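To start, the structure itself, in structure tokens.
A, B, C, D, E, F, G and H label the chains in the order they appear, each numbered from 1.
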């Protein structure tokens, strides 16, 4: 194991072996990294032809990245930097991302970017079908029930997850968001709601972790397609 | 205010004025009180002809109560001691108690006892319609939508509350229960879920507080009937 | 249920059926939504003649709303955008909003706007009667005891709720606020205080949830008036 | 949806439609239910030929179940009641359950029972490969890397999850357990550790939720096998 | 400082200098100590003529104590072992202990024992004047307002403290109790309520810490009486 | 009680009876109040000749206050607005305020202002004697042991409180501060440390509540001086 | 790494390589393991001549162990099973274990057993020198200051740690215990106190983790003696 | 003890005796101190020839310090002010600082500064070897296993600590960082992970406490070198 390849930038060690080991390249969490750290990491990954995704970042970091990686683009909704990879991934169908409310969209976008760009599993989306208006959800049931894997993005009490998980036979990846106020305690209420869902088949990830949800959902799909890189 | 009547037992002061002030007699929380304290409190209340309810108590306390109050009965499901009052209350119709699961029944029973015995609002009940099987809930919708006030009793993630509150136009009294395990944290998940419901019109009470829910729901009904004692 | 009407804006699905189903139109939580999302939502709701309320928003969003909805006004105390509906609602009397302190006023205002504008239940108000000066509260008791439903808005330890709930026979809707510091933990102390009130008849909503309180209180009043839309 | 079949026992509504809707029958959580409630639920499910699993139960309940369902057996390690179904499910291969320590075995057993009995996905197991002795884990890597889906069961700090998830390309279902003491806070440390894993591809379920993990893992496998009942 | 006297029992060091330094002898917390540890500690303290109080103990420990200290008595309400001292302390008047409810009596008794036995400040008591029946409290106001120092013992939301502290000019020692259930979280709600009291002049001690309250109140009185041992 | 005097400003009710009832005038918490609310409250209190203290406020509010109350001054260390009263209070000696570290000074200043300005108990101060350098504390012991009441202000782990309380015979008022980082959790560590002090005689107030500490300490002193207004 | 030796019992994998890798044999946590699991683990370890320590266990487990390992003894204070190893370890001097109170002794004993039996670092002990009686501590200072490494065991607020750490130049291993009640929250107060110590040089371990403290302290000593196995 | 030297600046007491007592000079926490407080503290320490370190500070404070202490420099990564001491400390070899990710570097730098500047133990560093890419860590094992003491700096779930501690025979000082988001709860997940490590030999310090880790590690090394100042 000691001989697997990585690149040492001093402050970071780029794991170029990851695609071979886990089937997908490293994704960079922008939060807590300085622009002068993110820029060379992006250049290193992009230089090997990997697709690159930097999540939870900002415009200032994007501008630093642009100097060495002019093909990078910035996704303002997800607050993410994106660089396409050299080789298009084989597309896997069947991922549907559903949000409970409009405020959950940034996290849904992060999930879609991860699944589509990094994992080759482009997602379709249904927005704003929280259970306060159950008819909106039921109207979308045929689409929901035909997905091969679902990502549900919800803040507040996240009741959407239990309702949907009780109606489908495929795995549900549940992302709690920090949408809400007061006793939502920055997403804790949604997280606990999802973990205690009365319907089984729910895979929970961290609060606001769109990346993790997109990655996991695509991994499930990939198993489903018989492809395990 | 200083001259309102109460009876001083030394270790307790029985508030005999409460029915005049708030429209209903005192209810005794059994938890934390010794049998030799509960027995004279029950005797004092019952001696004035009030209906008596002791919640969260046990058989040993019931046996102590029986000595002076032989008409007392014990409700094993709710763990409650019950003594009928001298004067039947005028019955108010329209209260429906709904539980998400079978394990929520003890708290539902406490709510029903409170509403029926103490407040004159006998409840009907629907059990085990958690959202994991949404068709069970939807099958009961006509009954739910014809109630004048609802008590919803749910543990775990309590998603039932948001779904029902989005489908009715009457107030929903939501009781979180300690049903669940792990990150339900003894009812905290259900409590937070109810407080953060995406559907408005939800009145939350303490975890496992069937008494408070029955009281509040009957009070709402009483307003509705034009009667405010 | 699948055929009930709603309008799909892509990032949001406007629930135009809600007034029929629950008796009141959708209210928009401004927190977490961008101005370019709020503006078309307001336009959509207002275009159908519904009264519109956007809570927890800001001036920048208001300015975006004004472009398409020039009749919108901004309530600076509640941080809310308001658009009157086409048809005045029948007024229901009897709602009283009481605050423990001056700092609780923004949440009280949000409650009053919701009840008055959206639900047709205009509120009167008593401010700054926290129990540290009990005579101020007792001086207002006749007014408090003649209300048909009460909203109590309090931060810190929220003792006002238990005192008032012990003195009235009508339901009390209790709104904990994040007013306080240190171990108030952003409203947690007030929330727990209200949930554990020794006086029954208390309906608790989320911290700083003026909207939820106004909605619930009006719903209770509406039951009381015999009107259930 | 209203016409889907279920059986109403009064205190419980058995969801006989669930296998059609979600691909697997209802599982009964024993905790919080009385023997006289569990027994008829088991009889109802078993009477339709469904396999039955009652989790987190005890011997007294088992004895009550035996009266009407003599074919029931009791799994002492998992504290579960088991009744085989009429029709053997088609077996899906590829599920591996791994525990960090010996004390995690009861939850691993609950996961295996669920996957094998209810979902038709029998599991193999590796026990006691916590990262304190990394060589034990690395010795098992070939077996771990050839699984199609993994369930990792770990208490304390649950570091096993991050290490394994970084070494495989298939989804990892992570079950935090309440094994530990002091600041493990009944499994909270393990839960937070799993939610914050630096390696992606981790699906977290509730603390001690072996059932949920077995269900989810089998659902993922089922997608993988192209079978979606 | 190194030469101050204490007695070393090996597993405990009895602080015989404490009365000189702080004006009162050591009090023994029984919780967590074995009978064969408590017995010699009591014998050592009693042998010097100090009054002895062991709090939060049990009958088995009392029986072990009796062997060497036959004058010891057991207070069943407070779960305390008591041995009178050789020299009666000069009595200080003015301490009043008030409880919100009957279930708070054990902690009130612990406070009274500490103040009376150890500190020479015998207490009078008012029980069960929680604010749900404000007239009971107001009826006692003359007695409350004539005390020189108050101990208020309350669980649940502890609103009694804010009401009383707003009506008196003397210090209030507030003891939160673990009386309550659900979101009282074993006394946390009462503790936070007292710490956030809107009325100043409130000294808070630990949950269920009757000893600490009795000690502090007597210390305040002692300052008041001009006596500082 | 209903006839006690107060002044109604609409958004606030000034409690002019408080000095008679509790022995000291109202103090205004600036946090959460707008400048246009604070200014008339200050003017109202000052107009009756009361000394005025506004805590946790800012320069902008001070400037609004100056318009109507030109004698107001601003204490930058405590972030407080101060107006002297018409009648100097009789001075009570014996209050000592001690801080564990330099960062605790703002809260110590708030305590001193309250005690000196509002309660007539000017304080002396010892700063930066945290137990990490015990000799600094022991050097000050004679001064500490001659005080009649102590206020101890400490953040982080607040060990100063237990050490000092074990060395004195007078009451210790302990103020936890939010000084610290990480697992100090904004003062929670200090608060819990003080509540669990192994030395008795400790009166705890809210985190950063210098006002409450100054008020309580002066109240204790006042009892000691035989003056109870 | 894959070829390092361990023994597979099925439910447990005994890490016989650990002494070579980390310098000390495996220690068995008894909590959560059944007697029929502990017994063969002990037999396996003891059979190789390792000293064996089972912590947090009970008499029933001990009796099961005795069958195959008759040389095992039971330490009632620490609730531990002990088997001596074949080869006495070279003794390292300089470890001193200090407890704040008598109730902390079981955890101190666990620490001493670990250091002495497993690591070859026998400990001396000082008991009951909590800071409430500072002279007891100062009397022991010469002994404390001559230790080469200290283990401090304290519950409640754990102020002992900060005081001692400020007076010595050697590392302090701090063990919070669950001794206390109410807001000690089962050791949380002590844990936070130690983590926030104003004196540096403090190494914190888990609540009640005597084993971890003994292990770490001996490891530090071992570095000090120039021996690194 | 009372005669040990310190310098009283009024708002701070500089502990000039600390090097004699504990073997190292005082370090100044910048957080919560104003520039006009930090500047004279630095001047006082530096004037005695001590090396000076101010942690968690900012550029504005640095500029105030420069006026009187022109030799001060600012470390932008660690946000620290540094002044060299008059006498170089004897260097102790063997400290290795390891970070799990790039975002942990500021805390690692604070640890290195403390160990090197204040304690005479210069550190080498390995960055970004989190367990998600285990080969990066294993590649560094020879360097890790040859260190005499390790500091591990990790946020998120901090699994690095358990893995490394199981592979070395020297003490591991573990620093949780606030790196992460959502349910990392500002470092709580990492803190709990480290406290519950399944591998022993882990010394935990406060979240983001690089200073404490550097100090403790150097103290351990110093013991190892036979030097105890």
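Basically, a contact is a pair of C-beta atoms (placed from the backbone, for glycine too) under 8 Å apart; a residue touches a chain by one contact, two chains touch by 3 or more.
Just so it is clear, the model here is predicted, and its values are computed rather than measured.
Counting one step per pair of touching chains, how far is subunit G from subunit B at the shortest?
2
Between subunit A and subunit H, tell me the centre distance in angstrom, where each centre is the average of that chain's C-alpha atoms.
Chain centres of subunit A and subunit H, defined by C-alpha means, are spaced 35 Å apart.
Could you work out how far the Cα centre of subunit G sits from that of subunit H, in whole Å?
26
Using Cα averages as centroids, what's the distance between subunit A and subunit G in whole Å?
Centres of subunit A and subunit G (C-alpha means) sit 44 Å apart.
Can you list the residues of subunit D that touch 2 or more other chains?
Each of 1, 132-134, 138, 166-167, 182-184, 188, 191, 195-196, 199, 206-207 in subunit D touches at least two other chains.
Touching pairs of chains, which are they?
In this structure, the chains touch in these pairs: A-B, A-C, A-D, A-H, B-C, B-D, B-E, C-E, C-F, D-G, D-H, E-F, E-G, F-G, F-H, G-H.
Within the complex, which stretch of subunit G touches subunit E?
The touching residues are 102-103, 105, 127-129, 132-136, 138-139, 141, 155, 179, 181-184.
Going by the contact rule at the top, pick out the subunit E residues touching subunit G in the complex.
Listed in rising order, the residues of subunit E that touch subunit G are 1-4, 6, 10-13, 15, 17-18, 29, 31-33, 37, 41, 56, 176, 178, 186-188, 191, 206-209.
Which positions of subunit D touch subunit H when the two form their complex?
100-101, 130-134, 156-159, 161-163, 165-167, 180, 182-185, 188-190, 192-199
In the complex formed with subunit E, which residues of subunit F make contact?
1, 21-24, 27, 138, 148-149, 166-171, 173, 191, 195-196, 199-207, 211-212, 215-216, 219-224, 226, 228-229
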